[in-house]
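What follows is a single structure, written as structure tokens, with notes after it.
So that you can tell them apart, the chains are marked A, B and C in the order they are listed, and the count of residues begins at 1 in each.
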Amino acid sequence: MKSYRKVLHFHLPARRGLVNITDEVQSAVTESGIQEGLVLVNAMNITASVFINDDESGLHHDYEVWLEKLAPEKPYQQYHHNGYEDNADAHLKRTIMGRESVVAITKGKLDFGTWEQIFYYELDGKRDKRVLIKIIGE
Amino acid sequence: MKSYRKVLHFHLPARRGLVNITDEVQSAVTESGIQEGLVLVNAMNITASVFINDDESGLHHDYEVWLEKLAPEKPYQQYHHNGYEDNADAHLKRTIMGRESVVAITKGKLDFGTWEQIFYYELDGKRDKRVLIKIIGE
Amino acid sequence: MKSYRKVLHFHLPARRGLVNITDEVQSAVTESGIQEGLVLVNAMNITASVFINDDESGLHHDYEVWLEKLAPEKPYQQYHHNGYEDNADAHLKRTIMGRESVVAITKGKLDFGTWEQIFYYELDGKRDKRVLIKIIGE
């Protein structure tokens, strides 16, 4: 069994934003030399998400509106977590979107359906953040 | 390390529906010959979900009502994603339910609690859809 | 490839409660002797969750309020699942929080960001419950 580890770095200019990281994950799989296995991709920060869905700007807008309805940013004082920080909503939004994705590797490629793309969802930006890629297989 | 891959095919007659795929996943595990490992089961389409919960019709009804409250199908024009398509709600509902499940394999069996069952949740049916089963272990 | 399996047991005194299980998962990783791999941690009961977030009591309070808003416990008769049981809300809350987490193991340690901690979220307590830890790697 082989394993491979890679960290992606982010520093987004706004509180929230989406980054398509599919190509970077595929590059890590290629670098690993692993042909058959699994790749775990997870946010290392607890106010960010890694998830799989469509690369379509209308949908990304809909996510923003929807998450704000399910877990509003303001008023900040509605959350006990806020005080020194103001990011309680980011913890909740990330819970909806999920921390991680696990993807199959087949013949050295991400084994994806037609429209599957991997996204990093920044929910509390303007600071350094990381995503971990861990691959096992052979 | 061994690996095994299998694809399940679906074409549901309605927009939404639940299919218990536990037996099909166990069959794939048996076919693989893998005794100890992990199995990843994921929707290959981004308007469907694979999740684990109870095989109880009352609960399945409750999921329908609840998802429709959290991410209503209509009015279609509330979502920027809709226009050529009308399935934005399916993308959001699938986000709540999740894309994938990872299950332990122990002594050649799905290592499950008493009531755990694997479901495919179709959220935008009447078309061909797929689920990927990828098993690694030995 | 090596594998290792361990079950954690819970019996919480209240309907809901959070338990930080990070140390117990790290202990299982250490016992396994596995240096590079993946660990799956999942609730074996369908009214409980394993998730990763911050060990901060204000946030845990916010989760309670938020989950009760998204999937209220009462009135019990709003859910078809209730009747013999009264825990439909626990199935829905667990769907939001997730069944499982998959974590990378690097150099024999959980490969975590600064604030990542693993929690067991009991959503229908006062009874025996279990969490499965399954580790593969080498």
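Following the convention adopted for this analysis, a residue touches a chain if its C-beta (ideal position, glycine included) is under 8 Å from a C-beta of that chain, and two chains touch if they have at least 3 such contacts.
This one's a predicted model, so the numbers in the text were calculated from it and none came from an experiment.
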Report task. Sort the chain contact graph into one of these: line, ring, star, complete or other. Result -> complete
Requested in this report: Count the residue numbers both chain A and chain B use at their shared interface, divide by all numbers used there, and answer same if that is over half, different if under half.
Outcome: different
Report summary line: When centres are defined as mean Cα positions, the distance from chain A to chain B in whole Å is 20
Query raised in the report: Residues of chain B that touch two or more other chains: which are they?
Result: 1, 38, 70, 96, 98, 102, 136
**Report entry** Contact set on chain A toward chain B in their complex
**Finding:** 1, 36-38, 51-54, 56-59, 61-63, 66, 70, 96-98, 101-104, 106, 111-116, 136-138
Query raised in the report: Which chain A residues qualify as touching chain C in the complex?
Result: 1, 3, 5, 38, 40, 42-46, 70-71, 79-83, 88, 91-92, 94-96, 98-100, 102, 130, 132, 134, 136
